[in-house]
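Report on the structure given below.
Order of writing sets the chain letters: A, B, C and D. Residues in each chain are counted from 1.
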Amino acid sequence: MRKPIIGIMGPGSNATEPDLNNAYQLGKLIAEQGWILLTGGRKAGVMDAASQGAKSANGLTLGILPGEDKTGISEAIDIAILTGMGSARNNINVLTSDVIISCGMGSGTASEIALALKAEKTVILLNDSRESHQFFSSLSPDHVIIVESPEEAIVRVRDILSRQDC
Amino acid sequence: MRKPIIGIMGPGSNATEPDLNNAYQLGKLIAEQGWILLTGGRKAGVMDAASQGAKSANGLTLGILPGEDKTGISEAIDIAILTGMGSARNNINVLTSDVIISCGMGSGTASEIALALKAEKTVILLNDSRESHQFFSSLSPDHVIIVESPEEAIVRVRDILSRQDC
Amino acid sequence: MRKPIIGIMGPGSNATEPDLNNAYQLGKLIAEQGWILLTGGRKAGVMDAASQGAKSANGLTLGILPGEDKTGISEAIDIAILTGMGSARNNINVLTSDVIISCGMGSGTASEIALALKAEKTVILLNDSRESHQFFSSLSPDHVIIVESPEEAIVRVRDILSRQDC
Amino acid sequence: MRKPIIGIMGPGSNATEPDLNNAYQLGKLIAEQGWILLTGGRKAGVMDAASQGAKSANGLTLGILPGEDKTGISEAIDIAILTGMGSARNNINVLTSDVIISCGMGSGTASEIALALKAEKTVILLNDSRESHQFFSSLSPDHVIIVESPEEAIVRVRDILSRQDC
């Protein structure tokens, strides 16, 4: 029985302080549930903070990197998948994740949310961008969940997993 | 000197009648400028309508397909690139296009707009989704242009190309 | 009715003088048949020579580039597909080509031949590497054809196309 | 400090009995060293046998799948990366592996060896195809090692890792 893989997607640059705190807390909570954390793997922003959080609770961290060598990987990544595909790897992030949590917002993050909705995956949004809430809810009302805290996100993930066949 | 490649991105399913009319008109106008039309290549929705429009004006049409064989390609595609990569091919669409016009809206289209903004390309939005206008403008105010008609889109493309090194 | 796309695969660096001459001649002959030439698109080795040959006969040249911008594209490429995927783009080269001609040998070229055989495409080998003839023939006796000249390669391509549904 | 990732590449179909025995033994030995095993992840041939061997010694198994859903994954895979990219994922297999062991031979396996050599990775060949030994040695004499047993392969991997910065 494979462990669930929960993807946290968020900006590498221009992440806000609340985004980074939320990402760290999400990573920690995911590890505490015994789930595997997936991120974009770089030593930057939300990816790095979430991975650090997961390692603080002895979780397993998986990074799907855009590059083709080991430059710039977060030290908190246990398993680094080197794709050499740039942003095309964003689709692998969402296909591989059982549930996606978007933490903060940026153009790369937006592409991952949209690709996840295209693949009919549920996406949990944790950010203060009202424009993103309205847009993604208009795109796919049944697959977008808006939450206010990391703890609420985890409750929703647990609920989704209980109804899935992982 | 290579000809400019203009990408039209839009929904394969659930395209509205105005979207399809706009796509056909955009394809026709692009061909009339002597530009190459790029789409996702399938025989569906905006992709197919734009390609039909371009062929009506003897344009050259390029399709970047998600599949690995010739099933489901629009008959109006002259050159079919078979990627076998599913939605990860959306990143190739935006990297290959000099300018991207989004016609209509859907989750695949949204991923292409977001990937284009990530790659710092300009995206022209032609649709009636106010949520999309507000969201993408909030993501990247300098790279998003909202237009009301195919003709206005073409004027903006011409302006962008005149400032680029294609 | 789409025109056939013929892929020429060969080394970018370390191409021999006979390889470059054969590539130029192959490109020219492909263009003279009215077929589209596909290469890896870079301004290097066999890719560049084949594209120059095709342009000498007013052919249409398609390049599937590994990079994500316009750096290093052969000037003889009419349509440049920017994949940003590095060597993973080799699979797109073979899926998109109706027939593959390998001209010269190297590790990238070998990967394309092997990917083509995996996809059950026919590969024509034009090179003086006896090791490659023996190895690829042992892998897939029914899909490997060894030829001695560009002219012979074209005869074999014409024969294969006549039995295919392009 | 990330654990080394050792990739075992081999045929999914048409694997011989000795190939399957070698793959199982290789997987077991890799796990016993504390290394992570990477395969193509499918429930077939060498991939499946190697993963079973690693699990018999409580190793961690990573599968890079060609598909976009959970169909056909080996039960012995702990972490399934869903790429949705078909054979283009072969390049991810080799970029992600610190050392590649090829066990048995087929066209997909040959593409992985060639892509690995293109990326200047060392490849260890364990098979009885003399044609493959001669061909790949001719391509890249410095990066191809031919071995006669799983035990010998592991000795060579340990030696390579001791000279690398993982």
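Here is the rule we use: a contact is a pair of C-beta atoms (placed from the backbone, for glycine too) under 8 Å apart; a residue touches a chain by one contact, two chains touch by 3 or more.
On a predicted model such as this, the values are computed, not experimentally measured, just so you know.
Engineer: Taking contacts as defined above, which has more of them, A-C or C-D?
Structural biologist: Most C-beta pairs in contact, of the two: C-D.
Engineer: Can you give the whole-Å distance between the Cα centres of chain C and chain D?
Structural biologist: The computed centroid separation for chain C versus chain D comes out at 28 Å.
Engineer: Distance between chain A and chain C based on Cα centroids, please, to the nearest Å.
Structural biologist: The answer is 40 Å.
Engineer: Out of chain B, which residues touch more than one other chain, so two or more?
Structural biologist: 68, 83-88, 91-92, 119
Engineer: Graph of touching chains, which shape: line, ring, star, complete, other?
Structural biologist: Contact map by chain: complete.
Engineer: Using the touch definition from the top, list the residues of chain D that touch chain C in their complex.
Structural biologist: Touching chain C: residues 85-92, 105-108, 110-111, 114-115, 117-119, 129, 131-132, 134-136, 138-140 of chain D.
Engineer: Given the complex with chain D, which residues does chain B contribute to the contact?
Structural biologist: 68, 83-88
Engineer: Could you please specify the touching residues of chain D with respect to chain A in the complex?
Structural biologist: Residues 2-3, 5, 36, 62, 64, 68-69, 77-85, 91-92, 95-96, 119.
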